[in-house]
Each structure stands twice: as structure tokens, then as C-alpha cells.
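Here the structure comes first, spelled out in C-alpha cells, and everything after it is commentary.
The chains carry the letters A, B, C and D, assigned in the order they are written, with residues numbered from 1 in each.
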Amino acid sequence: MKNTFGTSVCVTLFGESHGAKIGAVLDGLAPGIPVDESLIAHQLELRRPAGSISTARREQDAFEIVSGVFEGRTTGTPLTILIPNADTRSGDYTRGALRPGHADYTARVKYHGYEDFRGGGHFSGRITAALTAAGAVAIGALRGRGIRIGTHILRCAGIQDAAFTDPEAQTEELNSKVFAVLDAEKGAEMQAAIREAAKAGDSVGGVLETVVTGMPAGVGEPWFDTLESMLAHALFAIPGVKGVEFGEGFALAEKRGSEANDAFALQAGRIVTRTNRNGGINGGISNGMPLVFRCAVKPTPSIALPQDSVDAEGMKEERLTLKGRHDPAIVHRARVVADSVTALVLCDALAQRFGTDWLRGEEA
Amino acid sequence: MKNTFGTSVCVTLFGESHGAKIGAVLDGLAPGIPVDESLIAHQLELRRPAGSISTARREQDAFEIVSGVFEGRTTGTPLTILIPNADTRSGDYTRGALRPGHADYTARVKYHGYEDFRGGGHFSGRITAALTAAGAVAIGALRGRGIRIGTHILRCAGIQDAAFTDPEAQTEELNSKVFAVLDAEKGAEMQAAIREAAKAGDSVGGVLETVVTGMPAGVGEPWFDTLESMLAHALFAIPGVKGVEFGEGFALAEKRGSEANDAFALQAGRIVTRTNRNGGINGGISNGMPLVFRCAVKPTPSIALPQDSVDAEGMKEERLTLKGRHDPAIVHRARVVADSVTALVLCDALAQRFGTDWLRGEEA
Amino acid sequence: MKNTFGTSVCVTLFGESHGAKIGAVLDGLAPGIPVDESLIAHQLELRRPAGSISTARREQDAFEIVSGVFEGRTTGTPLTILIPNADTRSGDYTRGALRPGHADYTARVKYHGYEDFRGGGHFSGRITAALTAAGAVAIGALRGRGIRIGTHILRCAGIQDAAFTDPEAQTEELNSKVFAVLDAEKGAEMQAAIREAAKAGDSVGGVLETVVTGMPAGVGEPWFDTLESMLAHALFAIPGVKGVEFGEGFALAEKRGSEANDAFALQAGRIVTRTNRNGGINGGISNGMPLVFRCAVKPTPSIALPQDSVDAEGMKEERLTLKGRHDPAIVHRARVVADSVTALVLCDALAQRFGTDWLRGEEA
Amino acid sequence: MKNTFGTSVCVTLFGESHGAKIGAVLDGLAPGIPVDESLIAHQLELRRPAGSISTARREQDAFEIVSGVFEGRTTGTPLTILIPNADTRSGDYTRGALRPGHADYTARVKYHGYEDFRGGGHFSGRITAALTAAGAVAIGALRGRGIRIGTHILRCAGIQDAAFTDPEAQTEELNSKVFAVLDAEKGAEMQAAIREAAKAGDSVGGVLETVVTGMPAGVGEPWFDTLESMLAHALFAIPGVKGVEFGEGFALAEKRGSEANDAFALQAGRIVTRTNRNGGINGGISNGMPLVFRCAVKPTPSIALPQDSVDAEGMKEERLTLKGRHDPAIVHRARVVADSVTALVLCDALAQRFGTDWLRGEEA
């Protein structure tokens, strides 16, 4: 399977940066789930470039649902969302030198030069708009079951956000913010740093931290579809993600077992862990605690500074200076994409575990 | 799919820690590939507990190939390797309190108490012996195509190994070492630290770093089967792995684009990158440079120190002191498992890209 | 996977009879394959209802390719074709009594009443237009490799067409015919019988016979993805197909081994079989002879005659008389759908066997 | 996926006719399902060659369950059954001329001569013993949910068995018979005909008819995983099956819509159909009526009569006279294999629909 992900609930992505339309097919979702178009619009808004810290390309993202919804609810058959590409300026892009950090070279090798290279084609971050739209439907479905996802920019340009203190409440709060941080002051510092990098013709990266509350215990497989495996699989498909860790992740590797294990306790008759260093997952399976994980997002590869490269035919080295509209950072825009793939993976895992109808909630 | 991984080349794992046999079915490998039983034995030897830094459980790992090999070569049909469990002491394990950091609780929720709980059952690291045996066949197949994998213990108990300087030569060297480090002195320090932790009734974790040389460019998919996605999927299925990063990974998130991009250059008419900060992968697709990635391995959850927990029925909290034989560290044993899943993922990706026969090499 | 079929080359279908758009995503096809829009239009024309032997619903099937094609050739990334639904008359359809032979009842049970019931919704034969469009691209790809598919109406309303005598030439000929028979006289008889059934408020079924020439030997898997399994899987997804047989099929069950085996012989140094009773497949794998198989297509369930049924709520029995526009036969329209799914299955099987690039032909 | 079938519940087959062991891994079955070893033994007994109408090869089929069962019940993790090959006489098989009707030639093309050719290797009907053992576990699981499967030899050597009159009772009855017919007299005639064919150095085929009672409505997918698609996929993987039809199948193609539709009616408040011409499936989804389908099984290709063929190297034509032990018919032995793959497909479809735990029944 190439551009399709999932087993019971699956999503297929299509489109190119400068093609007619991009879109997503979301299949396998339970019938009868309310589809909130304003939530889709909201999520697309969060992904959209914002002010001086993003590319000047402006897309209205006027999505259209052409199948799978009837009288405001999912039918249970494939739900297809189309998003037209309006603000394309192909003139900005010709098959120039290979852009470092991009897929220009690897796409060329893989597709023998037949790829639609304009604006990165199918590799463009633009495609994440379709993923975000599909993810919004999944996010809505999970909310109906009391499962909530929130992601903040934990680090950006070396500045660190505050830690989660009340995940349940904070996920809600984060979902209404365009620049998702827990500490507004740190957020202002990050944005200043992004602007400064832009001014220098450069870009910055960052780390996203996601928390999921309300996740039932007992979901995931021992080999090979651990919950970590499935989430990481989807998260690493987000352009720019180069690292994923669960719970305390790489920091756990520095600890002793007595500092890494989460002791079990009883709370109101329910088994909980006193700490959550393992990020809500033991043996690949959810343990009922909040899921916690982080993604490293590399700095945007499109920078204005001149770079060493090779021409498109691979015949001679040349100095490359990129034109066009670029993001000095994508970590704040990638946030909603992380939420989206998380929601899609969880819908799939839950439907595999509890059957197609589970996500319908009370009525099931 | 539950305990099966892969599309064109796939592996299925079965067995429990204290069951009769564990095993793996490796399917889809090209016909005619030499199967070197001594390489399988060697890899199992590397995984086997070693001296004072490992559990006292000793398994001979007398594997038996019961299908898929004829006259010393793969037939192209499923290759099945069985490994009997000999040194099982079930008396050591009764359904006691839930072991923190283990899958006892999550397995109980998922399987409703019907799971074979002895020694962790199907969740036991013991199952990685079968994975290692299957991986050895995949490693052999890749060698026939000039693709080599090597993993070293980059960090353990806070001690850092030397960096790769000549990956091609060093992978070879690492594959002959039981405790895989590039700097023998650092390795001795690590082992001393493991022994010390063991003496304290505790355990330590570490970070593995893997390099793959000879990987052709153009392998991987944009959405969602990026090479990072597929490798991370398999790596996170290794018990204890809580983080995976490619190239400079999380460190990239701290850098600027100009410091993160790998400039292209021509070398003997071939396109290369001057640096390899992206770990040989751009846009999810291999770029012909060595693949580089790291796994965070948490400290072994089985420790001798008393821990807070809850009894198996979830009725009352209790203090748990583990008996039995435990590893004060698994990072050195997990090394060969990382090599194995890497080899399996690459065989799959290559067979998907170039067809079933590609791995046969010259003769194809 | 629900509405997606295939492993290396896969197709996803979406849409409802009376929704905004139907469509297909075709993924995994090699890059660089010419996409002939006139062939797509031609195939859609063959599927379109024709004159007095079909429904009065007329769709222009003005398809639009919105992704995956660049400068007239496949890019190798998902190719998406959209077809708007123009001539919908939803007034004709209200949630009336359950239509016998249709999916009204089963859809209701499966989707709990949330399904888009208008015109059969996602179960409508209308969706086969999208399948036909995707299939046309696959047919074009196979032609580039010398593989040709042809289907004729072997039987309809009890009238039998002539047998294939020169498959290579006849597949070509069939592909230009709206009513695909080898013997034009028999075709005229069939059409008269369809008209007569229509006049009686009834419908007829038929049998389609498909032949594939130019198929390489060695494609298919022993367990469980035999070539027969994969073709049957896709053929049984065509609405109305209730039987599939390969070679002499059910007739083989009446024969002795000496009459059923195909003797091997040498022809110009190439191994062939003297007869082709097994339809070009031995042990689930193609043997290089033409593939031959047949599908039984049941009579259209929508008939004008009154039928016994139950109301939509399942509360009371009632007499049902269908209104709306119906086909007195679909076998002649299903023909091109059989060609399409055959092409899609073969593209997938060939890409699995020989790699992604094989379908590009000479240039590969 | 090659030798693995299924999505939520899946089976992997391995082994060769003359290898050390054959086996099956059954994965995804709910935990807590009783595993009745005597039922496995009984099903293997039904598959075993019987008296003068079968091959003289006698296997004890002493199966061993090495994983996935604990205290007599499924654990929910992979259940592996091994069956040693005892009565192998490899001396009977050398790489002789290509046997017509067998996979000798296609295997050679696919595996380039590296296949284990002895006794048909991985293509041997012998492998169905492993499939039967896995199927027995699935059959037991379905029984716990009131779903029963029965198959009879509808036709053999031109002799027709009686039709089902009381499927519920008759499935039970059939499961205790070695030669499964509803009319014992017809069964005796069939066996006489098989013996006669054997005497003539020839073989005969037949048609199997399967009925499934107790199947819930609402299971199956519109595109492409219709219940017919999934069953046909698995049934066509049984060696020798060349045709599959549902309900009245090919006979429906000869009828009018008014004779093919199944009228709905109410029976004790439940929606039923008055007839069952569509075999319990509408629009690819179960409708709550018994599933009914038939498989055409070709005559055994191994016959004693001399046949025209080509030598193994494909260099010269030669006359082939088979030695060794052969079945003059396999239809009576294939019966239990049809039951097995049916059970496996249904367990998978039900688990996909209702979740992993559904098959546990009351306790779920």
C-alpha cells in the first residue's frame, strides 16, 4: 500500500502542490458520526500560514466533501474531501538545481523524472491540508468517545515551552490557539526567533509534544503493531519529522530502571500508574494513562541563503539561491498535522480492537 | 495484521517465553539466496545473555529450519525457523503483582486474563530470538547485494561510545563483537556500570546507533510508507525501545536550516551529499548515502529493588519484590535485534521497489 | 482495508449514486506511463447505458483527472479521477420498502440507517464508472507491455455467443463494440431478448467470458494470493456477479484427469500447453497461455413487476412496485467493468512480481 | 502478503510435502476460546486419505500446538500448529518431466528452479493438513457463537447428491462423515466411480456445496471485500478449485429478475427472505439467511495414464508416466479444507466487524 494508511479505518492521500486538487479519502469510520464542517475549517485555519512567520502563499482551503456524508453524519462508506489549489504560481518553480533537504533528488531517482516537480509536487507540505481535513473528522469522532488530543510547541529555536500540568483542560485550550504554546510569553519569544531567522534568510525547527487523554487501556499489538509503532509510522510520514519518542523517550535511556518504571496504584478502584514516564504505553499496548509523545521537526529546508547543489540533470555542481515563498518555520503549522495523524491512528486502532461501530459511542 | 510485518517480504512471530517453541516465518524472500546457518547461529549468539551483565537464563537456541530452504538456498516459499524453549523454570513465575514497566497489566486488559503470563509470555524479550534468526537470513540476503548493517551502543549508563568514522569497515567489525562498541575502553566502562547497577538491584538503559551502507537511492514512499516510517514501525516493536531518530534527529530541531540541510555535490559523476545530517533519507526516500538512526532503549523493567504495585486481580496495592533471573541491561542484547528488524524492513522495501527477484543479486 | 484493493498497485473507490461526485484513486502505477484520456472516455462510453436495452438515466461522465498525471504521463504518485453526478433525480427515490436483490436491507443493518440510500448509494452500479475510468489507465499500461484483455457476452437470456477462435485479434475487435459479442447475429438475438424482458417488466442476466493474452508466466502466489484468488476477489466485487470460473471451470468437475490436464509441448523453443482447459493458470500461477475466465451476472434486481417485500423500518410486509429508471440487463455494461478489474489485478500482480517500474516497458 | 490471509484474524501457511514439518500460524483470534484438540484430530482424520479411493501415502498427522494456547484456551496471541512429515518417500520423486495440471512448470518459472520440487513442495495438497488444523480452531470458535458450517459432495463423477433440506441439522451430520454426502446411496455410487477411474489409471473431479447457518446479517464490505470476494479468494487457494458460485450462481445468469430476486418477508418479527437464491448475500453483505456456495474441484492431475510433456529443463518433449502414490479423486478430501477456509474467512470478517472479542461469545 503506498499512499494509504490504516487497517480498519484508513486514509488515502492524493494531489500535488500545483495540481488541480488535493484530497483525502477516509474509509472505515463508523456510520452515524456527526461531521462538523466548522471543525474541519478550524483545523485547516490552524494549519494555514500565519502572518510574518509563514510563507506568503495564501490558500483559502475551500474544502468540499463529495462522498460519505449524508444528512450531516458519516454514512460508513468512504468520506472524500477535496481541496482545490487556488494560489499556485508555477512560474516560481522550474526544474532548477536540486534543493538540499527536499525530496527533489530522491523523487527524481524514484520516478525517473516523471514526477510533478512544481512546488515539491506530491511531497509538498501542501498535501497535509488534505490530511488535516481528514484528521478533523477523526478528531470529531474521538471526541464523541471522550478522547482528546492536544499538541504544543515544546521547543522552537532553542526556547522551551512550559510543561503540561492539566492535560485534560490544556488540550482544549491548545486547540483554539494558532501558535500552540502553554506559556504565551515563551510563544512570543519563539515567534520573535522565527522572524529573526527569516530576516537572516534562514529557518528554524522545533519539537512538538502531544498528549491524548481518555484513551482506553488494552489497545495495540505486541508484534509489530504496537501503539508506538503505529503512531511513529504515521508521525514519520509528516514532512520534516526526524525523531519520535514516547513518554520520557531518549531521556529514559539515561535512567535506571527504578527511575524509569511507573509504579502501579489503585485510584477509585481503577488501576493507574503513579508516574507516566512510559507515555501511557506498556508492551506496546495502552495502559489507560494519557498517551504522551514528542516529534522532532527539522528546520524548513527552503531557505533564502545560497546553498551548494547540483543541477537537475546531475551534470554539474552549482550554487543555488531559492526564490518563491517559504516558511521560516513549519513546526507551528505541523502541530495540527500531528493531531490529525494521531487521531487517524487511534480511530484505526480502536476500530480494530472494538469493531467498526465502537466510535459511534452511546448509540453503538 | 497482528504479529506479521511487511508487504513483499514479511515476517510472522509466534511463541511464548515458557511455551514449547518460539519461531518465525519469513516469507517473500527471493528464491536462490544462500542460507548460512552459521550466520544464524552467530547472530543468536550475539543476542544470548553474556556473563555477569545479563540474565542467568541460558538457552542454547538450537534452531531448526523446517521449511523454505532446499539444498542450502531459499526456495522463495515461507522459511520457518523454530527454536525450542529449553531452560524454562516456570516455578519462578506465578501470577503475582503487576510488574511495573512490563506488559502484565496491559496484556491482562487486552486478553482478559487468558494470556500465558509465565515469564511475560508472548511479550517476552525471548521472542526476539526468533526475530534474530529470521533477521540473520535477511542480513545474509542484503550482503549478497552489498548492503551492510552495523549497530553500536552509542550510550549506556551515561557513557558515550566513539562516533562512526568509517562506517563501511566498522559495520563489519561491530558484527563480530558481543558487546558492540567502537571504543573498547568505553565499552569496558559501560560494562562496569551495568555490573554496578546489577549489584544495586537496579538496571540501566542506553542508545543504539545503526548505520546501513550500500543502500540504493529511490526506496521508500512519500505517504505513508516513508523509509523512516517503516523502520520506526519495526524498531518500536522491539521491547524497550521508546525513541527513534534519523540522522541528527532531535538535534536537528535545535538547528537552523542552513545547518540542517545536506548540500548536494558530485563525486565521481555520482550525486552525493557533503554531510549526512538527514541520515540518508530525503522526503521519506533513500538518497544513496548511509542510513543512520538511533533507538532509545529504556532500562530493563525487571529490577530486584522493591516496587509499588497492585495485585494481579487489581484489588489491592502491594509491595512487589521480583525474583527470577533478570538482565541488568538489554541494550547490548537489543543491538542484534535492531540489525535484524532493519534488515527485514530493507528486504521488504527493496522487494517492493525492484521486484521479488532483486535480492538474488547477479543472477537475477 | 475496505474500499481499497491491491498491494503494489491499488485502487480506492468512493462516492454515491446521488452524491456530488464519484471517483477513484489509482496508486502505485509506474511513473512515465502515457495516460490516454480518449481511452478513458471510450471505456466510459462502453459502460454507459445504451438505447432501449438500458436505463434512461444518462450521465455524460465528464471525468477530471486531478492528480498523478503530469505532461500526459503518470507521475507514479496517486492518480485521482473524479466524475460528477449530473443526472440525479433524487425525487425518484425515497426510503421505501426494501428492494429484493439489492443491498437496501444489508446496508441498513450494516450502517444502522445512516447510509445514503438514494439510488443505492455507495452500492450503486454507478460507482463502476469510477472503476472503469481507473481501469482504463491500467488497460493502457498493460497494452504498453503487450498484454491485452477482451471480454464478450458468452450467454445472455439463454442465447450463446460464438467461442473465441483467435483471442489476440478478437480482444481488439471486442474493445470497439458497445454490445460485445463475437457473433453479431447472436448479439442481435440477445438484444431482442433484453427488450422483450423489459417490455414484460422484467430483466435478464448473462455470462461474461474474458481472455487475456500476452500474460507472462510465473505470476501469482501458491497460498493465498493465487492469480485465481486475486481475480475472483475483484470480479466478485462487481455488483451482480454470483459465479466465477477459470478455464473450463465447473465443466472440469465433470471430467476425468486425462481430459482435464493440459499436456505440455515445445513451440519454437518455448514451453506451451496443447490445450488450455486450466485457463492459463497452474498451481495459482500464470503459465504463459492466455488467461480465460467467466463471470455469471445475475439479472438486474430492479424490475417493474410488483414484488413482495417489507417496509424500510422492518415493521410490516408490503407489496413493492419500483419506479425510476432501470436496466433490463447489465451484463453488456458489466463487460467493461470486468475488463477494468482484470487490468487492475494484473497491474498489481505484475508490479509485485517484477517491481514498480516493470509496467513502464522498454524504458524501464 | 504472500502465504498469509486475513486482516483481523489471519492464517500463515508454511511447509513442503517432503520437508521436516508443515504448519500454520493462526493469529488474531479472541482470547479465551476453548481449543478442542480432538476436533483438530477429527478434522485431520476427515482430510486423511481413506481406503481405496485415496493415495496410499499415510500420515499420522500428529500435530503439536507450540504457541497461543494456555490451559486449553486461546491466549489471543499467535497459535501455531506443527505437523511433522513422516511418511515421505522422496525416492519416488526426481525432477522429471513437467507434470501436466500441476505447478511444476509455473513453480520453476517463478522460483527459477530453486523450489523444493519433491512431491510438489509447497504446492502440495499436503499443506492443506496445516490449513485444516488451523481451520478446526476457527470452526470451534464459530460454534461457540452458533455459526455452523457443512459441506457435502454435491457432484462427483457425474453423480449428483441430494439437496440440503434442513441445513442446521445436516451440517452436523455431514461433519461426522468421512465421505460427505446427504444421500448414502449416491455416495456409494460416487465411490464406485472413483474406484473405477483409479483402475483405469485416471481420476475424477466434483463439486462441493457448503452451507453456513447462524451467520449474522451486516457482515462484508461493498468494495472490494464483499463476503463473496473474501470467500472466493480463500476458496480459489485450495488446490484444484477452478470455479466458485454463490446461491444459484451460474444458473442465476439464465433466469429473469423475477425468478432471481429473493422476496423479503417477516418471520417472528425478523426480516427474512422467502427464497435464498442469492446464497445469503446481498450487495456483498450477509443478509442473515444461510450462506450457500459451491466449488468446482477438478480431477486430480496425477494420473497413471501416460501423458505428453516436456522435460524439466524444457529442452525436449517426452512421454511421462507418473509413479508414486496418487489420489484418484480429491473432492472428498477437499471438503474439510473448504470448511476450514470458510471458517477462517468468517472469523476474520466477524472480528473486523464486531471487534477482536466478539468470537468469545457470552463472556465478551
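Convention: a contact is a pair of C-beta atoms (placed from the backbone, for glycine too) under 8 Å apart; a residue touches a chain by one contact, two chains touch by 3 or more.
Here the structure is a predicted model, which means the values were calculated and not measured.
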Exercise. Please flag the chain sitting at the greatest distance from chain B, going by CA centroids.
Key: C
Practice problem: Count the C-beta pairs in contact for B-C and for C-D, then report the pair with the higher count. | Solution: C-D
Quiz item: When the C-alpha atoms of chain B and chain D are each averaged to a single point, how far apart are the two points in Å?
Solution: 38
Practice problem: Would you mind pulling out the distance in Å between where the CA atoms of chain B average out and where those of chain C do? | Solution: 45
Quiz item: Where the centres are mean C-alpha positions, what is the separation of chain C from chain D, in Å?
Solution: 27
Quiz prompt | For chain B, residues that touch 2 or more chains besides their own | solution = 1-4, 7, 13, 77, 110, 122, 222, 357
Exercise. Determine the shape of the graph in which chains are vertices and touching pairs are edges (line, ring, star, complete, other).
Key: complete
Practice problem: Spell out the residues on chain A that touch chain B in their complex, using ranges where they run on. | Solution: 1-5, 7, 13, 97-98, 100-103, 105-107, 109-110, 122-123, 127, 131, 155, 158, 197, 200, 202-207, 217-226, 228-230, 232-234, 236-237, 239, 241-250, 252-266, 271, 273-274, 278-279, 281-288, 296-303, 305, 307-310, 314, 316-317, 331
Exercise. Enumerate the contact residues on chain B facing chain C in the complex.
Key: 7-8, 77, 222, 352-358
Quiz item: Which residues, counting only chain D, touch chain B once they are in their complex?
Solution: 1-4, 7, 10, 12-16, 19-23, 25, 27-28, 31-32, 64, 66-68, 70, 73-80, 82, 110-112, 114-116, 121-122, 357, 360, 363
